[in-house]
Amino acid sequence: MSFFQALTERDRVFDFMTPQASTVDVRHGPILYMEDVTVSFDGFKAINKLNLTIDDGELRCIIGPNGAGKTTMMDIITGKTRPNEGSVWFGSRHNLLHMNEPEIASLGIGRKFQKPTVFEALSVFENLELAMAADKRIIPTLTARLTGEVKDRIDEVLETIGLTALRYQPAGILSHGQKQWLEIGMLLMQRPRLLLVDEPVAGMTEQEMERTAELLTGLAGKQSVVVVEHDMGFVRSIARQVTVLHQGSVLAEGTMDQVSSDPSVVEVYLGADDEEAA
Amino acid sequence: MWLTRPFNERSTQIFLLILTVAVIAVTVLHLAVPAGHPLYVSGYTVGLLGKYLTYALLAVAVDLVWGYLGILSLGHGAFFAIGGYAMGMYLMRQIGDRGTYGDPILPDFMVFLNWDSLPWFWYGFDMAWFAFAMVLIAPGLLALVFGWLAFRSRVTGVYLSIITQAMTFALMLAFFRNEMGFGGNNGLTDFRELLGFDLRSGATRLGLFIASGVALALGYVVCRSIVGSKLGRVCVATRDAEARTRFLGYRVERFQLFVFVVSAMLAGVAGALYVPQVGIINPSEFDPIFSIEIVLWVALGGRASLYGAVIGAVLVNYAKTVFTGVMPDAWLFALGGLFVFVTVFLPQGVAGLLGHLKRRRDDEPSDSETPDKEATA
Amino acid sequence: MTTFLRKTHPKTSRVFSTALLTAAMMGTSAHAIAQDEDPIKVGILHSLSGTMAISETVLKDTVEMLIEQQNEAGGLLGRDIEAVVVDPASDWPLFAERARELLEQEEVDVIFGNWTSVSRKSVLPVVEELNGLLFYPVQYEGEESSENVFYTGAAPNQQSIPAVNYLHDQIGVERWVLAGTDYVFPRTTNRILEAYLKEEFGVADEDIMVNYTPFGHSDWQNIVSEISRFGSEGKKTAVVSTINGDANVPFYRELGNQGIDAADIPVVAFSVGAEALTGIDTSPLVGHLAAWNYFMSVDSDANYDFIDAWLAHTGEDDAVTNDPMEAHYIGFNMWVEAVQKAGTTDVDAVKDAIIGVTVPNLSGGSAAMMPNHHITKPVMIGEIQDNGQFAIVWQTPSTVAGDAWSDYLPGSRDLISDWRKPMECGNYNVVENRCMGSNAEEQAEEALAE
Amino acid sequence: MRIPCYSWTPRVMPRIVTCLLISLLAWFPMAVQAQEDDGQALLEALDTRSFDDKSDAITAIIESEHERADVWLQALLDSDLQRLKDSGRFVIALETAGLDVTVEDAMTGEAIGEVSRRDLDRLTINNALRSQLRSAISLVELYNGEQDARLDAARRLIGNVEEEQVEPLTNRMAEEPSAAVRHRLNQALAVYRLNQGDVEAVEVLSGSLNSNVRVALNRATQSEDPLVVDAATTALADIEQNLKINRAAETLYFGLSMGSVLVLAAIGLAITFGVMGVINMAHGELIMLGAYTTWAMQQLLPGQPGLALILAIPAGFMVSALVGVAIERGVIQFLKGRPLETLLATFGISLILQQLVRTVISPLNRTVITPEWMSGSLVVNDALSLTLNRMYVLGFALVVFAGLILIMRHTRLGLEVRAVTQNRNMARSMGIRATRVDIMTFALGSGVAGLAGVALSQLTNVGPNLGQNYIIDSFMVVVFGGVGNLWGTLVAGMSLGIINQVLEPWAGAVLAKIIVLVFIILFIQKRPRGLFPQKGRAAEG
């Protein structure tokens, strides 16, 4: 159809927004670029002049005490919260501050919530089906058929997250851990360029943790991954680059060892960390 | 094709089967059996059942938005009524110069209220195709505008329910005004013929009854194929976790809008079939109470299971027929009691019970929770 | 009650069975209908629940009382009369449905019923289709004359016009407020009055104020103060009120509180009966007027007998009687007379027989059925007394015949109605010399048949 | 014509007034002179169909110095003067019981006992006669009545002064102690003079808002004397100006009073809805119960409507509160966190309550008497008078509101309520018994609804449908104001009331309501959480 028709069609997601053909420009290195971002909730600055850069394919861990602004930062990136000032760029082309959640999501930014949220009334299979990267306009969705490769893709993911057996069970009956898995699985279905993972191992057993670790490290490279986590052990096991947030701005950045040897960090964070790590 | 998908679902097959049998049975019993015979179905009963069928379609429409989208609309009576008015206006124009005053153009109420000419919005309603199109377009348009405003600004839950109520209430007041040109309190009545068939003949009424049956079947299939599709699952997802669905990249408000409009159109069709069967349309159909009653039908039958809505509509209205006949005073007690009972003790409704029994028999989830596998696979 | 309990069961059980479509359950005791062909069946179609129940329930009781009396007097044609009561629940489509039930299922010989204009309009097609008889007891907007309906309530010329004459001649009113609820009766009445006032009394436009309010309107501050302003321009002003039912209480309250005294601005009401005054503390209303064809305070033995019987029937000392009740009283007696005259309850026979039948009314005179299916009535103006009753202060010297088509509406000026042979037309246009609209095609068919 | 002035016993009124009265009634032919003092004959004259003859007869009675004259006139005014059909004897009805009436002899005043209504003929009067009688009596009062009575009499005279009255009235003005009454009389005379074409009169009249004065001035603008014309026109101009201001004030008052009703109806809802997230569709019926309680109290205390009304305030609160608790315990507690379901369930309850009232009490409206001190209106000036009952309701609404604010701010309950609203679980864990708070809150909300009912019983129908008429409006107010925010409710209610009353004159009642509804719908689009959005659990609706 002609370009103008395309413009007038409200449901149309323009090609450059759909992840398959995602034209996120990463030639200049960073895939995510936050500069001087500030958010205040009635006076209280949750994020304060935050600067953060994530390179393409990087796996970055973000740590920090409660109220450091980790979750708020994710809200900003995914378009849930609008900052009072500052700029947030995805690649060097897309200004995230001018987009809403669905647009950002279809740019290829996937998010896993702190509290696992899956569609309990739907089966595991359907949860993945919905998450799958596809044309998400109304009519295509209405007429969508389950093609072979789609099924294979879903099976594959089911395999990775180890829920093949439960594929037709409503997600509501899954255990907490399984829900975490399912949600990560949903992220995988999205084929995102950037993955935001909020406390992926909260309430997981040891071996579950290990698999998560493998999984996330496995993702890195193909996708950029940002992990927010309290569990130091876990962080240490996966982290290459670590950023420490404190009172809404970056306190320190570097490898785990550098960071953990940084006195200010030790003071504000690791000191208070023990009981959280436990 | 997605529209054919429902025909593979067992629940739909059963539903369509029962409906067809019912309609045919009534037709046969009405025509073939001599009056007075115990099996004879009188024209009165046919009319009654026809009315129930239109209500059932209305209930299905409400269930689509409430059950699967989680939008409790307290204003669906409005779409029903508007569809009805569209049909009513067509029927008025059909009277032509057979009106009391013999005015070839103006309906009677306009003549004796001294309207000198037909208001613009009555134009075109003398043509069947236009009127029937309007049956879909008018309610759809209202739903589109209203829904667009509401969903865009993410008005949800109780707030949405209340403003839908405000909408239908405002419309009721508006249509009561005689200046509006819709006949005020008396509404539209004294219809003569529909597509050339005399509305006062038993045959036409039977035809309308069958038409209602067909409409219900079609409406059911459409809704089924929507909720059975991926889109239906997006709806359920939205109902349960709207924010999450957004993060998956779905433009939730547009899906809501789409389904809302479809539902409104179905309601319009129901209204259009209702009017010629009861012979009058007046603003009391806009009454918020009526809209709430519709929701009760669905609640009783069971949300998120379309056939439940049908069961609910028929049960409640049959009960109404009986009660207002036998003990008028008791009716409101019964209705009120039903509201309380269903919401407190029967949250899944009748369909919920059925599903429960079914599940107990063979351990597969009833399609009210997850769409059938044969649809998905 | 008991009578119709027995009556409605078979029908409903049949609806039920068909509704569920299990042939086994079909037609349980359908022959129940066959048994009682003996008694003459009188259908009563008044709302017993919903908003209109307030007004209509008493009418249902009235007809039941009349039937009892008739049976005690030996029934009709040697047969008992049996009431078949159904409840249309103030729901207009339901009126049509119930009417069909009465005529098709119960096969009643006559129906007494309806209050609101819209309910009548909704029943009309059914009654005409199934050729039934309907007696409609409430004053209404006119502009209608159906072969199957008998209008025992007042037509506009039997209520509003005499009332306006009274105000103009006796009280010397020069400015008019026409206030009404926004539905067809006030609309039509006010149209007629406007035309009448201008033609007959040469009232100027600025001396007429028309105002419409929704049903159950409760905040009258603005309107009442407007009225008092309108009335303080020096000319004698009166309010002609077609305000309906519930809305009257707050209206009169506001009048009282804003100190509008009947002596300054009298209000003459068309839709307020004594029963509507229950719920008002009448002391501030003394002197306001109502125009009806009957008042409970009418001083005649017929009336006192009726009231006694009514008090006995209801078992309440403070039960009130009103105009529509009298209308039913007249209508019922006319029907009885006509049946006796025709010797059968056959609808067509009764239709012909009833025209010209004359029965006593409750105000000491008598009412006759006109060829246009309307009746003759006296018109009375009553003033509210401090006991909440109306004292009759004026009355038309003779009875007035109801006019189906108003002479003051352009549309219907040329229409007349005469159901006697040969005309047999409800809306005959004397200019074009033909029977208009509704019955045209029937006429044609008959013509072909002969 | 010459009016004979008979010697007059001081008992009734000074000699001069007789002449005054007679002259006032001078336009009647003096047909009945012959039979003075013969009471029977006087009354006979009353028993006629023609009201003109009746008014002559009244004149005659006034003239005759018959000692029972005043009794008769009063009885006639109350339409208690009746006549026995058979004997033609005149009687005065004392009280009516069913079909029988207790009567006394009109001549002698001796009791006769009960008589059937059939045997009585009532001597009816119409408005003309009524005002004739009244003005006669009021004139008497101008001389020996209370100050208010005199003031009223004087006001009646404005525009109705006859030539013969000028002199006596001027004298009267000299004697009159009260300045207000003098002022009135002065105006009355001025109007008379103005009609005679006297320019000075305008002086006196300018600034008066009395409608008759305005009429007189209007007439004066047609006079041929140019001086009078422009004097009158200027006078009229600033009167009109003055009227505009008064009218604005009036509309404002109407708006506030309507607003107060909305606030009363809605505020209980603001509490239950705001704090508990319960959409109580039965709220309207709780209001209705309050109104019925008022009626019941008046039945219990016949003769003292005022006292009954005051007692009804606590009673109404209790009744509705108890029913509220019953609803909360019986239904709502099972529907925690399912607001839409509570909507349906409570709607069912509302249907039941309505039908209950219909069957138990009556489908008909009940009469609730307005006590003396609440009826009538407070006259600010001739153009602006504020109806008392609405003023009381307005005050009542504000008091209730203030009370609620106090409870919420300064009581333990209020504290707990706010805690639960902000964060239920947190509050729980801090040892607040949330269930108890729920019960109390719901009781409070329902009770307030009851209070609203008590107030509404003074304004509108007390009937089964009372609640229905207010429920939707109440929801609009709450949502518009912002759920769970009392101030929001107050502001919303008042502003909606005023908007409505401002729109009404030009849009008409119906359209005004529609416009307001549409306005609310659109407003909710802009600010889904209302005027004063509230943070916390209830906000998730």
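As written, the chains take the letters A, B, C and D, and residue 1 is the first residue of each chain.
The rule we apply is simple: contacts are C-beta pairs under 8 Å (C-beta built on N, C-alpha and C of every residue); 3 or more make two chains touch, one makes a residue touch a chain.
None of the values given here were measured: they were computed from a predicted structure.
The most distant chain from chain C, with centres taken as the mean of CA atoms, is A. Contact analysis places B-C first among chain pairs (by count of C-beta pairs in contact). One simple way to say how far apart two chains are is to compare their mean CA positions; for chain A and chain D this gives 67 Å.
Averaging C-alpha coordinates per chain places the centre of chain A 43 Å away from that of chain B. In whole angstrom, the spacing between the mean C-alpha positions of chain A and chain C is 74. Distance between chain centres (mean CA atoms), chain B to chain C: 34 Å. In chain B, the residues that reach two or more other chains under the touch definition are 173, 176-177, 329, 332. Residue positions of chain A in touch with at least two other chains are not found. Shown for chain C are the residues in touch with two or more other chains, namely 182, 212, 214.
Interfaces, counted as pairs of touching chains, are A-B, B-C, B-D, C-D. Within the complex formed with chain B, the chain A residues making contact are 10-11, 78, 80, 100-102, 105-106, 110-111, 113, 117-123, 125-126, 129-131, 136-138, 141-146, 168, 170, 186, 190.
Against chain C, in their complex, chain B makes its touches with residues 21-22, 25-26, 29, 36-45, 47-49, 51-52, 97-103, 108-109, 111-114, 173, 176-178, 184-187, 189-191, 199-200, 278-280, 282, 284, 314, 318, 321-322, 324-326, 328-329, 331-332. Chain contact summary for the complex, chain D toward chain C: residues 51, 78-79, 96, 98-99, 117-118, 121-122, 124-128, 130-131, 134, 211-212, 214-215, 218-219, 250-251, 254, 257-258, 261, 358, 363-370, 375-377, 385, 387-390, 459-463, 465, 469, 500-501, 504-505, 508-510, 513. Taken together, the chain B residues at the contact with chain D in this complex read 72, 146, 149-150, 152-159, 161-163, 165-167, 169-170, 173-174, 176-177, 288, 292, 295-296, 299, 329, 332-333, 335-340, 342-344, 347.
Residues 1-2, 226, 229-231, 233-234, 236-237, 239-241, 243-252, 254-255, 258, 365, 369-371, 373, 376-377 of chain B are the ones touching chain A in the complex.
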